[in-house]
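Below are two complexes that have subunit A in common, paired first with subunit B and then with subunit C.
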Partner chain A sequence: MKDDGKMTDTQWPRFMVFQQDEAGHPYVHNGTVHASDPEMALLIARDIFSRRPRAVGMWVVPADVIFSKTLEELVDPSWLEEFPPVNEETEKRPYYVFGKFSQQAHCEQIGEIGAQSPQAAMKAAVQTYAHRSPLMWWVFPVHAVTASTPEDIDSMYSPVLDKSYREQSEYPTVTMMRQIRAHRKLED
Partner chain B sequence: MYGAAVDDVEQNQIEDQDKLAAFEARIARGEKIEPGDWMPADYRRQLTRMISQHAHSEIVGMLPEGAWITAAPTLRRKLILLAKVQDEGGHGQYLYHAAETLGAAREAMIDALLQGKAKYSSIFNYPSLTWADIGTIGWLVDGAAIMNQTMLARCSYGPYSRAMVRICMEENFHKKQGQEMVILLSQGTTEQREMIQDAITRWWWPTLMMFGPHDSDSPNTPILMKWGIKTRTNDELRQDFINQMVPDLQALGLILPDPDLRYDEDSGNWQTGPIDWDEFWQVVKGNGPMNKERLAARRKAHEDGTWVREAMAAYAEKQAAVAI
Partner chain C sequence: MDDKLKPSLAVYLIALADDELILAHRHSEWCGHAPILEEDIAFSNLCLDEIGHATIWYQLAADLLGEDRETYPDQLAFFRDAEDFLNIQMVELPIGDWAFSMLRQYLFDAYEVIHLERLVTSKHKPIAEVATKIRNEELYHLRHTRAWVHRLGLGTDESRTRMQRALDELWPYALQLFASPDNESLLVEAGLIPASTALQTAWITSVVSHLEESGLKIPPVRQSDLTSRNEHSEHLPDLLAEMQKVARLVPGGVW
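Right, the complex of A and B next:
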């Protein structure tokens, strides 16, 4: 997910943002923010992504640690050689596995897997979760996540629930137009 | 040496033809293209152009309405307008993200906007003169944008399509709050009715221009449709919008500034008089009523924020030093 290294990059690092809409639900990707550090990334992400729909938790992950493969990329086995061979004695680290389940969908959390490199994690994920048959796979180290805490919910995510004027259902324009048309008919 | 190089080029071209055929077959099957998938260079270029212009439009689009936040007549209207302008800022961020997945750098896109090198929707180069403009922008301008964005939500590039789904959902609030305002003003006092009539008169034609030049003057349309970036043409979308808006505006007793406007029984379409494309191109070229003010406002905002960015960078540096 690197920016192809096309230009000298003086901008702040990109963080991928994931959002959980209810306790127990999977985290779902929704975009990126640029920030000077993960803490600031979480605050900016909250402002941009939690206006609606509702959120109870957010993760930010440096974009360049996300290892991504589409189905098209997986067909070509050369990706297995992109990384240097793994020393079997290296300790395994936990990786989150994410997948995209319909053409229109965002990537969402599938599970967790232990591996010695992103490439090994991808290989294991594709084997372990093949039955879920996602269209795109992401893996990234669990330790790369900076997460909001349950204590943040009240101050960061709950206030939006009272702002019902942000919902289109607050504006009865269809009824208003119908009444005006009926009234004009009566006058005619 | 040269012979080998030429063979390589030919070989690459044959491979690209195969890849192009596979790519177009995927689009024909309704699949979404994702970052990492093969795509023609021109697909990437067209999308980067469209998405970055779209992002800039959201950012500049905050200005005409932001100007009225402090002058909103009630607390409710102020909260609504604040939420709407905040949404537009968020939409800009979703779209810059989508453009980044194609390899564009956010900093470079924003620099291009600030230096006046990037295009954005011309509609935002018209002034918002009265409070009635805020309702009109919501119903007409956001309504026109939704027609275009509903189409783009089905586009073949995954990240753009997903950003659009989310934006459309939020824009429906923008449209309906605007429509509610226009309805209330049109049924209000004489002064209110005159104010909303004046706003509709000024915004009608620029809103129709938002859909872009006629199909006959839109050279990118065929390839954009072939690759599933657009699924409908400028003229088709504009006609749908006109058909949707004219009966509603007339029901409210509002008069459209078009003596040629008439209903065509055969086609079932409302037909307008000719659009003033000279005006459209003048505004695109930077000679609209507010082009200079809009860019100056963006530059000032960016410059005024310098100390915040510097403070954040200094803090991050200090934290990193502590961590070591």
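Right, the complex of A and C next:
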């Protein structure tokens, strides 16, 4: 955290966490973590988000680099004018494009696009992937992603698959409580 | 394996499991109290992993002793008194501050990875198989605690001071990990376990470089005064009183 003499927030920066459940599947947003830096965010995300759901890969991205627009926000084209125009000579950078397809769903990976700014990336994404018609769009620079590697799978994501706490049968109290409640109902 | 070696090997495994269980139970005290919510969850998760590892080692000991592998882990964990536990004293010390707990977990994780790398070639096949499996997860634990040690060591003056204080206090205790177990030479000769001296050399090499890169000074102590795993501090009975309370209230209870 920068010490500019007027520290108002003592929280660590926020990172968005994305998870891939099978090789080849899209990455899906599953939550956020506060962490001192991207490496710590990736480590903490392993414990918070992959205890039960299966993961083969994770990304963490600083939350403040994610440029987001809902369908409603896109209707009014003035958002494009809110930002300074980019120089034609500015080099294009790759951006990931994510979309949310229902109110309950999480943002998931749609594709990748080259652009000179987040706004340009959003504009290009909306045109290129119009047929996917998500309710909300996210774009962020590919270079902002800190990703696990395939070598991390064995130590970070596979051991959990053998854990007994994932098995419903390991929680006899749950079954016992259900039986007690059922028994009470009968008595009533 | 020579049947005569089985009891000694079982004791070796129980000692290893006791280290994991007591450390994990001690560090589970951070649950709900860690400096940030995310690490609270992560550190508790890591403790659960260690308790799982302890259970597996107790089961292997049960197999060697002809005990029931389903009930033996609980019997050892909940129905032994302090003088029968074989953990080193480092793991029973109170949690201290965050620097103390994190550094202790790091020193132990570094030991575990080095130990497991050698148990992978144990001539007792079940040990080799379990070590292969657990080692993967321990590599993650070590990465996690290494990262914390690095950040706290190179963080602020306060975090570095606290880390150095923790290191000065923990170092002699950590060296107890390398006290010779009973019948060590026989077990080593049979290819069942690694020699404690080899473990110590590898551990020193591993942790010294990381601690120094993290801005910490290594204490001059070369050997622990603590040799017997049967001797404990006054902190172990207190820990056990809490850990064993429910199990002893309702022996054989299921929940």
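What we mean here is this: the second predicted complex is superposed on the first by the 158 of 188 C-alpha atoms of A that agree within 3 Å, B and C clash if a C-alpha of one lies under 4 Å from a C-alpha of the other, contacts with A are read in each partner's own complex, and residues count from 1 in each chain.
Everything below uses one rule, namely that a contact is a pair of C-beta atoms (placed from the backbone, for glycine too) under 8 Å apart; a residue touches a chain by one contact, two chains touch by 3 or more.
No experiment lies behind these values; they were computed from the predicted model shown.
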Touch test for A:Asp154: subunit B only (first), subunit C only (second), both, or neither? second
Looking only at contacts as defined up top, I'd like to know whether subunit B or subunit C touches more of subunit A. B
Partner chain in contact with A:Lys163 - subunit B first, subunit C second, else both or neither: both
Could you look at A:Arg46 and tell me whether it touches subunit B, subunit C, both or neither (first, second, both, neither)? second
Looking at A:Thr173, would you say it contacts subunit B, subunit C, both, or neither? Reply first, second, both or neither. both
Touching A:Ser36, do we find subunit B (first), subunit C (second), both, or neither? both
Once the two structures are superposed, pull the subunit A residues common to the subunit B and subunit C interfaces. 12, 33-37, 40, 47-48, 51, 163, 165, 172-173
Complex contacts: residues of subunit C adjacent to subunit A: 36-39, 41-42, 45-46, 48-49, 52, 133, 136-140, 143-144, 147-148, 151, 254-255
Touching residues on subunit A, where the partner in the complex is subunit B: 1, 3-4, 6-7, 9-12, 14, 30-37, 40, 47-49, 51-52, 68-70, 72-73, 100, 103-106, 135-136, 163, 165-168, 170-173, 176-177, 180-181, 184
Subunit A-touching residues of subunit B, taken from the complex the two chains share: 30-32, 34-38, 76, 79-80, 83, 86-87, 89-90, 93-94, 97, 100-101, 103, 105-108, 158, 161-163, 165-166, 169-170, 172-173, 175-177, 179-180, 183, 187, 248, 251-252, 312-313, 315-316, 319
What residues on subunit A touch subunit C, complex-wise? 12, 33-37, 39-40, 43-44, 46-48, 51, 152, 154-156, 158-159, 162-165, 172-173
